[in-house]
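Have a look at these structures, which come just after this line.
In the two assemblies presented below, subunit A is common to both, partnered first by subunit B and then by subunit C.
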Partner chain A sequence: MVDVQKIELDILGQVCPACLLVVLREMNTHRKRLKSGEAQLVIKTDHRDTTRTIPESARKMGYDVEVRNLEGYYEITIGQR
Partner chain B sequence: MPITDPLLLASVVLLLGVILGIALFRGDYCMVAMLRDFFLIRDTTLLRSYAIYFVMASALFHLGGLAGLIPFLPPPTLQPPSLPTLAGGFLFGVGMVLAGGCVVGTLYKMAAGNLTNWIGFGGILAGSLLYAEVHPWIRRIAEKTTFIEALTVGQGHPLSQTLLLAILLAGGGMMIGRWLRRGELTVTAYARGYLQPWRVAVILALVNFCYYALTGSPMGVTTAFAKIAAYLEQLVLPGHVAALSYFQEDSVVFRVGGSLLSGGAGPRLDYISVTELALVAGIFLGALAGALYYREFRIYGLPPWRQGSAALLGGMLLAFGARLASGCNVKFFLGALPLLSWQGIFFTGSTLVGVALGTKILIRYIVR
Partner chain C sequence: MKSPSGKGDRAGRGAPAARKKVGEPAARGRRGTESARYAHYIREKTNQLLQVMGTEPLRPEEFDDRELLNLDPIGIIAGSLEQVFEYLNETIANLSEARDEMQAIFDATGVGISIIDQDFSIVKCNEKQRELLVDKQLADVSGRFCYEVYCLKNGPGLDCPAVDTFATGRPVVVNEVRKKGKYFQLVTTPFARDAAGRVTRVIEVALDITARKKAEEEERRQRGYYLAEKSKLASVLQSLSEGLLVTDSRNRIISVNGAALQILDLSQKQVREQRIEELFLDCPAEAKIMFDGTAPHAFQNVEIPFRGENRDLLLTVNSTPLTDVRGTVTGRVFTFRDITEEKRRQEVYHRTEKLAAVGQLSAGIAHELNTPLGSILGYARLLLKGDNLLAEQKERLAIIAEQAKKSGGIIRELLDFSRLSTQAPSRGASCDLNQVVTEAIRILRAEFDKQEIAVTFALSPLSPVAADPKRLEQVVVNMLLNSAQAIGSGGEVEIATLLQSDEVQVRISDSGPGIPVENLSRIFDPFFTTKPAGKGTGLGLSICAGIISDYGGAIDARNSPGGGAVFTITLPLPGEAHAG
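Coming up: the complex of A and B.
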């Protein structure tokens, strides 16, 4: 398996809806590499509602999304499988 | 029947607040997101849950009135709409988007340790104090610019009001039925202990009904915030607080049986302390319990400076707006709208304009 580059995005403690807006912007910036599977976007967030809005928006754009419950926060991975 | 014993009333309201705090935290039920995300990404998930809230609350309030469970229809906290209702709604809308939370949203997010919302809370206290300085002047404008004398749509015409309600509730019920059949009410979220928005809406309607039946009016919270601000200002400038008419007057006065109940924003123990303040304390405690239970209570340090400043300014704007309009989204969206109050309708209309503008400011200047 080829190494997938991880683009990390830490939005812990940021005000709503910064989370969603920043993620949408990053998805646009790295669109080519995310679509080709070269890179994955890994987001750390403590906003409960973003575990609804980010996966929903990303799936609509055709990405695969995985959400992990970590200690006290959530890690959302966006990319292509 | 309303409870008149202060200690009993405060305890029951505190309990209602705790239930609400847990539900709001678990569902991350943000009424700012509800409106903002429509303008931002055309997301109507949370708005749909509001439709459920509206139908349920409106039916409960009016049927409760018929059954004698709801003592006052309309409640003593409603006034006729005026220019300050419109201006207040607009500032409130802009402010809550910038602050990232309405008055209760700010509370349950503070309880989870979010410092941005603590900054927003500071802004809310400051905005309340600012309003106290101009209160007499604003109330004179309100008296002169009252544009509809009735409190609710169809007041004094019971037949037309019943008909209007029947149409609204039947229409709303059919819409909800369709969402149910298509499975559109259940959303996917991965948060621990996530509560579906429609469930939060149902809990909200039941809690507000109980609150209305027991206290005489639907829920309100912002006068309690002004009261907290007044207590704090009194520590520093007691003479000034004593001289401000806003802190001397009662914002609500009504009679239940033989007892006269009254309360206001002043730094004293009164009806607002045992209702609104107890509710605020309950919501905070409930959300804190939720955050601790799901192990999500965590303090992440200060937000980027743009967001922090926006939260402070937003808090001030929303509090000042709420004071101009004599209420916030809790009083108007949750209490007044299901009662078809004119004040609620005009406040909501101008709040939507404010939210649209706030969302533009947010995209352009705050989150970059």
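Coming up: the complex of A and C.
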């Protein structure tokens, strides 16, 4: 099995829609690797709204999204299954 | 707070205000104003696009203008939208492909499928449904009422499963519906519902079961025909006067008709499942080939004996192989007739014919020889009376006279024989056979004592027969003498009389050596004798058979299983005389 590269994005303390723009920018930057499943974007956020806006946008773009509620923050993973 | 780059560099929320410097030159001031307008414009467009993306507008404290312009939000969102569109296009292509696949499956399936809405109008139907139930002239059925198009009715029928599915919301199966001369199995399933959960569309699946239905009907028809034919055949077989037996390939009797049971005097139970060769144990070896269950040949008019419990029979049998559709022999059919009586009559007829011919010949010869023999005997006796004869001459003349006398005896027998053969018998007389037998024994008592032959009787009460007692006595004496001659010295003779329903019998059994099988059919022939030349004329049994035959009876000769010969004289009771 090929190891999937994790691209980490820490946006703790930021709120929507700024976080969304930042995440979208990262998704555009790493588009090919994310689409091919070579890499996953792992976002750390403590802004609850982003757990709705980011997955919604990412899904519209054809990505699989997983949101985990960790201690004190959320981890959103975007990639291809 | 971290910077929008996420790299951790801080950007204060109040940054745009904090970074503005007071007292810049006018040009810079204008550029600044333009830049602010540009930034404002970008912020507005960004907010619009963010709304498209489903999030809220930027708050002023989030980015100052420079940060916003540096971030290139429209570029970011455009890039994202590009991905969204790309994904949408992929999805549309996939859906289109899936729709084409579904349509192909929808059309290629072997069952008719329709989507029907709640007012019973057809939303869609597949090619099979069109082929099964839609008139060829009808180009498009969408929007038309299903009951009009499929059932040629003015409204949904009582047997329509869609009515039930709309009413109950549950799938419904109807096993047999007739539409346009065809038979269908129908299944309706809810397909779409409104907000209240009511079924708004159903899928109706129609499976054409016409071929199956017709096959079932054909099978029923064929079965009926087969049963009728079977019953007809059984009636024909039962009504046959000929006996019929059917065997399987292992020679076991699997079918038997009433005539067969009647002829063989057996029950169904005694015959069924028995091997056919066990039924005809006395069948000669050359006829046994007929019982080979796998032999492909047919056999015609094979005569075989059958030893019954009460009487022995002679049967004529035809046998044909039974074959299946592939021509394999699966058994045999045997048909047979009882020819015992027919055969006996034939024998009597032939014997009578033979006797008549020999009788006529004998009469001629006897008549021609009688006169010269009389002269020979007369002159021989006359000469014997002379006194001048030498002893030797007298002796020779005595021999001539003796031999002439003996010849005269033979001629008398011949004349008796010829009279028997040519004269009609006297039928008027009434005769008690028991008396005849008693008288015959009395005549022969001395002879039997001389030969040390013990005689036993078993005389049953008999009805009288229409015959001349003297002639019958001649027969019984002749036959008893025949037995005594066969025994020679020391033995037994048993005489029994028996009353049957329509005939009487005299049975004479002896303890002699029996009759050689090859002679059995010839012993009643005239001039047939096993005695040395000059010791017998071979006319005795012929004459007996002739007399009995004259009275419509018969003499049967056979060997007893325990040894010795058994002669049975059968005579009909008055009114039962055989035509032959």
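Here, the second predicted complex is superposed on the first by the 80 of 81 C-alpha atoms of A that agree within 3 Å, B and C clash if a C-alpha of one lies under 4 Å from a C-alpha of the other, contacts with A are read in each partner's own complex, and residues count from 1 in each chain.
Definition applied: contacts are C-beta pairs under 8 Å (C-beta built on N, C-alpha and C of every residue); 3 or more make two chains touch, one makes a residue touch a chain.
Keep in mind it's a predicted model, so treat the numbers as computed, not measured.
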(request) Figure out whether A:Y73 sits in contact with subunit B (first) or subunit C (second), or with both, or with neither. (result) first
(message) Output check: A:L20 vs subunit B and subunit C. Expected answer is one of first, second, both, neither. What do you get?
(response) both
(message) Taking the superposition on A as described, I'd like to know which of subunit B and subunit C A:G62 touches: first, second, both or neither.
(response) second
(request) For A:L9, select first, second, both or neither according to whether it touches subunit B, subunit C, the two together, or no partner. (result) second
(message) Just checking: does A:N28 make contact with subunit B only, subunit C only, both, or neither of them? Give me first, second, both or neither.
(response) second
(request) Report, in rising order, the residues of subunit A that make contact with subunit B in one complex and with subunit C in the other. (result) 12-18, 20-22, 49, 53, 56-57
(message) Help me check something: in the complex, which residues belonging to subunit A touch subunit C?
(response) 9-18, 20-22, 24-28, 31, 49, 53, 56-57, 60-62
(request) Going by the contact rule at the top, pick out the subunit B residues touching subunit A in the complex. (result) 25, 28, 30, 32-33, 36-37, 40-41, 43, 45, 100-101, 112, 114-117, 187-192, 194, 295-304, 307, 310-311, 362-363, 366-367
(request) Over in the complex, which subunit A residues touch subunit B? Could you list them? (result) 12-18, 20-22, 46-49, 51-53, 55-57, 67, 69, 71-74
(request) Over in the complex, which subunit C residues touch subunit A? Could you list them? (result) 1-2, 4-6, 8, 46, 50, 53-59, 62-63, 71, 73, 76-77, 79-80, 83-84, 86-87, 90-91
